[in-house]
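Quick one: structure below, then a few questions.
The first chain written gets the first letter, and so on, giving A, B, C and D; residue counts start at 1 in each chain.
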Amino acid sequence: MAGSSFGKHFQITTWGESHGKGIGVVVDGCPAGLALCESDIQHFLDRRKPGQSRYSTPRKEADKVEILSGVFEGRTTGTPISLVIFNQDQRSRDYGDIATYYRPGHADYTFDEKYGFRDYRGGGRSSGRETIGRVAGGAIAVKILQQLGISFLTYSRAIGPVTIPHTADELLSVFEQNHEDSFAKIQNQILTNPLYMPDHDSSEKAQAYLEDCMKHTDSAGGIIEGIITGVPAGIGEPVFEKLDANLAKAIFSIGAVKGFEIGDGFLAAAAKGSQNNDAFCMNNGAVTPVTNHAGGVLGGISSGAPIIYRAAFKPTPSIASTQQTVNNAQEEISISIHGRHDPIIVPRAVVVVECMAALTLLDLILENTSAKMESLEKLYGSGV
Amino acid sequence: MAGSSFGKHFQITTWGESHGKGIGVVVDGCPAGLALCESDIQHFLDRRKPGQSRYSTPRKEADKVEILSGVFEGRTTGTPISLVIFNQDQRSRDYGDIATYYRPGHADYTFDEKYGFRDYRGGGRSSGRETIGRVAGGAIAVKILQQLGISFLTYSRAIGPVTIPHTADELLSVFEQNHEDSFAKIQNQILTNPLYMPDHDSSEKAQAYLEDCMKHTDSAGGIIEGIITGVPAGIGEPVFEKLDANLAKAIFSIGAVKGFEIGDGFLAAAAKGSQNNDAFCMNNGAVTPVTNHAGGVLGGISSGAPIIYRAAFKPTPSIASTQQTVNNAQEEISISIHGRHDPIIVPRAVVVVECMAALTLLDLILENTSAKMESLEKLYGSGV
Amino acid sequence: MAGSSFGKHFQITTWGESHGKGIGVVVDGCPAGLALCESDIQHFLDRRKPGQSRYSTPRKEADKVEILSGVFEGRTTGTPISLVIFNQDQRSRDYGDIATYYRPGHADYTFDEKYGFRDYRGGGRSSGRETIGRVAGGAIAVKILQQLGISFLTYSRAIGPVTIPHTADELLSVFEQNHEDSFAKIQNQILTNPLYMPDHDSSEKAQAYLEDCMKHTDSAGGIIEGIITGVPAGIGEPVFEKLDANLAKAIFSIGAVKGFEIGDGFLAAAAKGSQNNDAFCMNNGAVTPVTNHAGGVLGGISSGAPIIYRAAFKPTPSIASTQQTVNNAQEEISISIHGRHDPIIVPRAVVVVECMAALTLLDLILENTSAKMESLEKLYGSGV
Amino acid sequence: MAGSSFGKHFQITTWGESHGKGIGVVVDGCPAGLALCESDIQHFLDRRKPGQSRYSTPRKEADKVEILSGVFEGRTTGTPISLVIFNQDQRSRDYGDIATYYRPGHADYTFDEKYGFRDYRGGGRSSGRETIGRVAGGAIAVKILQQLGISFLTYSRAIGPVTIPHTADELLSVFEQNHEDSFAKIQNQILTNPLYMPDHDSSEKAQAYLEDCMKHTDSAGGIIEGIITGVPAGIGEPVFEKLDANLAKAIFSIGAVKGFEIGDGFLAAAAKGSQNNDAFCMNNGAVTPVTNHAGGVLGGISSGAPIIYRAAFKPTPSIASTQQTVNNAQEEISISIHGRHDPIIVPRAVVVVECMAALTLLDLILENTSAKMESLEKLYGSGV
């Protein structure tokens, strides 16, 4: 399949391998007239760049983006935007040995079964570097959505067993009481701590946990939570192209994700209807849910309430501890994976999750432009 | 959007509303030469039909399927298969009052915001009856997959707070020791208890819980778990069309689903790499994972191990207890929803989940036919 | 492939065979709020119905459409519209003999090669009756476009060697001088003559030609021409989803079409640039092409000028004259096809061409709603 | 729309403008295991490169392709292949003046209407340089098809009013009598004459015609014809994804194409059924059409006979003669376009047509792999 494209209107097509010449993305369907320059995108790439803290791989990559097409005199032209990030630090020699065996928890075996062979250098296409294309494309989606009044807050909710004490609603209520300031404050807290957690104490505890993992040549997983505010009601298409269904796919397409939930998620399964239903009230002239157990989506369509979702990430599979596996001569062997690996990928994945959410939402917002005759008449006039 | 189609190769397009003339599905892209008759499909529809137990709506519907096209002399012809199920018991008068207000937990408000108005009778298109089309199409997918050696086991893992004591792996290990017998036995246990639970004690406790809910005019949710065995390694397309990502979307497109996980799911987020990685060994000449924390998918591609996934369903939103909401004159009101509703939809949703999983898997199996030059040469020969 | 769907936004999925239970179409993605009833659609189906003149098959079919979903209280709801037309006069006995051999000019052989067997009754899915679904869906597209000020004029330009003496431009110039009256007059002329030709003399000559064909148990082809007025400039997507490219595919997907051209078409190949270029002038404050060699499309995007296109139809392949062919025992045989066939399908295909053009244009008009940031801000407001 | 992607399985996504940094294509869905290097692709690019004869623009471009991803150790890996061709000779100063007015026959006006503004340098995205991406991707498609025994012969049938005297059938019959030699001979004849015509006399006459055009600062169009041999029967999907319909779209998506026909094309419209039907006979144990009026397609599905099609190209719109147009201040002005333009684009478009045909055919060949249960069982085995 042409499985490297995402989105129907605002479509990204990504390419590139961990140790190839570079990573790139073609963004097609971007509305014309958006002011865009490389720094708009670089800002997002810097959030996932390696080497930002001692909890990420020491591989040295500037991850510098270059715009090759689709922008003229500082604005998008409506034609495809080609973005490229050339690889720099590709020490392929680190990976010569993994050509011959299947690393547990990696896609080595399944790629071989599917394609007959694989680019084994650093995981090739199944490497986390693949997400660079998503972030570069997603940065543009976020910029468009911001111009429509939509904001994103994305952070590490849990690192291994360490979880922040506040629910998304609680974080948000602080934020809502004093919009401008508190949002910026939370964003700042997230962006300035090495684990992108919106709580200082939890971050400290999580760092201690990670130190322990690293000491034992082990790795950790975690949970990323996202909040999207300002989404107009009516976004999402019944019955198969629901907003939450597309969001689930988008987030689950990120390597290492093993679970996804929206609103109360798995907790809702144990609740009663009387507890889980969100009553409606009037608020400043608008129909508004009183609570938000639903996470901003009803029947797959946005309700105007904040969209709240979570993704579970498994621990990094590359660990230096001894593991049992099989080589391509079908012999059982013991291995220990060295090289430059992240003991945890969650902090670097925060911006990837945010970007996938933005790509999903924007695509459905573009889709919704033709839901009503009224919208068509507003754009094209009426001949009657 | 054309949001009522699912699948790229084996594509279903569903239509119909709760209180319209009927519900239907067009199945396009079905391989030619499959033996198919109405009872193959009816068997699946009967598993979701209302009135099977005291825990489902008393609405009377035979849900009788009719094949209108695409089958000739008992076999599929490769052309679209049109299936229709006419509605019978449509008492629209039950729903006259809900035209004027927004039921909490339902899609009334969001449909109005999206389309400007809605077919309010029984939820219209957002009703659970919409899933009939999925089940009718999915039944065909299951039949094709069975011919390729693939089996499905789907059941209620939890009803409200009552959870079965065995993991999917444990259920499966029983099953694996004595394939034919135990699989049939578990299937029989599932299909003959009113809650589709594979454990008698849990089912009894869950029924007691539901009786209590009903007494208090309240409703319950639950968790459905699915196991798919016999899937060949290599199914799923990097990077956006991963098997698990498509499964997540498919399951999340079912109304009332609030969470999805694969393998260890959210538990994996708190585990360490050394615990979560599945070592490989040789087993009967095949590379095989020793454990199955991954749930049968690595890098979005099937590994040959059983695929294990779970979906969280929220409690039925229609409850007779008093609730606060808003009417379409934007007045705040109190309501109490009467009519014929399920106190829980989980048991009837089991077959819907199974069908969506089958549709997803089949589509990716059809996709994978062109992954390698070797496959093309096998089918078309080589001109060299 | 799911090859029975057309369109990305306004998507039709057709089903049904010539001698099955019926023919139908699911229209998904229709904007909500359009007034729609069965007679809106029936009006179009009546234009292609058999038995309207002595030049079409005497098969008796009312081709009565029924709306099964997607319309509530006389308006479209935004959910899928399912339309069904049950077959009535299915004399399958007429076709028993063709089960065993391959009719020249038909798809019998190619269906067998593709699928391994075929529904041979009346051509099954490859019958001209398949176009009923296109017309039913297209009728809705035409109605939407009319509300945006877009009009269609479609007619037989040639029947066999008999061609009308006026170019589309000449027909149009009459029309443009006195819009309301002349358009209605031409439409009336087309709809009231048995060959749908906009010229009385040509129609007489063509009828004489057809009488001669019928006398010699032979058949005829022809050329259909279409004019679309009122299309706003800017419709069509570079580079692969051009308006003319999509129109070419849409029209070529109608069985029996062997050629398609836009504007001057093949004549343009022999012209010089100085002859073929359309100069621009100002006309009532609008940039307007002075001539229309281009047929209303520049770079695959509509220019605001009338869209003019033509399709060549081959003669009906079913003829009673003796023909050489092969049977499914691979023996060479002589056959003579009897039964109820059209000596020409062009007149009945006129409305099919019009509907496919409307489906194509509407889909691209819906697509174009998100071409500019300006449009998004008009629909969703701006958060800045 | 994401309008820059073509194909569902073997999908190309092109990007780049005439005077931007470069032109590129991402090829997604290429089967793994194909031997591929840059010279495989360069060979095709050289056929459309400017400056090959005095009838093409003197712009100097090496059009050197670089593979950035998707190929490992000389073989395709199944992951996206990113190809880039950097622009070299971009003299933007040539185009400064066209920023302010609309060139007749170009897409300047329609891009402005669609997007609000445009990259005016050399036509930006609507330049003929856009086809570089098609050729680079198409070269890979041709290589795959060759391995399945499929061959392409594509050439200029007409240059302005000068047409070669042989039909495709006649060319082919020479070719068929002595396959290897004659095919190579015709290919050689095509590739070594500056107009890619398979007839020496016609080429001479056409060159004289072009000299005359150039003397009068005018331009010419022409007709390209393609023959594809070795296509297995059964390729193409009823009813909307027919082989000829997709081919029509593919070819019509090339700028400057105004007409497309298959087999006898427009001539079929004037023929009788008895003349136009192709009888079947047995030939070396295979069902074979005796004649080929159909051009190798019946009911939209390949019959095994050679596929024969033609495309009409309009004359190059950029001419130095004086023309009337409008500027963006909506004033009527006279212009004369100077700069480096092709007096005819037909010869350079030959390889573009061939590549679009190959992309279309390959995509449908990949699609057809799942048409029958029998094929699935051949690839996946049967569990029964």
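Going forward, a residue touches a chain if its C-beta (ideal position, glycine included) is under 8 Å from a C-beta of that chain, and two chains touch if they have at least 3 such contacts.
Being a predicted model, the structure only gives us computed values, none of them experimental.
Farthest chain from subunit C, judged by C-alpha centroids: A. Here C-D and B-C are compared, and the pair linked by more C-beta contacts is C-D. Mean C-alpha positions place subunit B and subunit D at a centre distance of 45 Å. Subunit D has its Cα centroid 26 Å from the Cα centroid of subunit C.
With centres taken as mean Cα positions, subunit C sits 39 Å from subunit B. Multi-chain contact residues, meaning those touching two or more other chains, occur in subunit A at positions 1, 3-5, 8-9, 14, 29, 32-33, 78-79, 114-116, 125, 238, 367, 371-372, 374. Every residue of subunit C that touches subunit B in the complex is listed here, in rising order: 1-5, 7-11, 13-17, 20-22, 24, 26, 28-29, 32-33, 68-70, 72, 75, 77-82, 84, 114-119, 124-125. On the subunit C side of its complex with subunit A, the touching residues are 8-9, 29, 31-34, 78-79, 144, 146-150, 230, 232, 238, 365-367, 369-384. Interface residues of subunit C facing subunit D in the complex, by the touch rule stated above, are 1, 3-6, 8, 14, 102, 104-107, 109-111, 113-116, 125-126, 130, 158, 160-161, 213, 216, 218-223, 233-242, 244-253, 255, 257-266, 268-282, 285, 287, 290, 293-295, 297-304, 312-319, 321, 323-326, 330-332, 364, 367-368, 371-372, 374.
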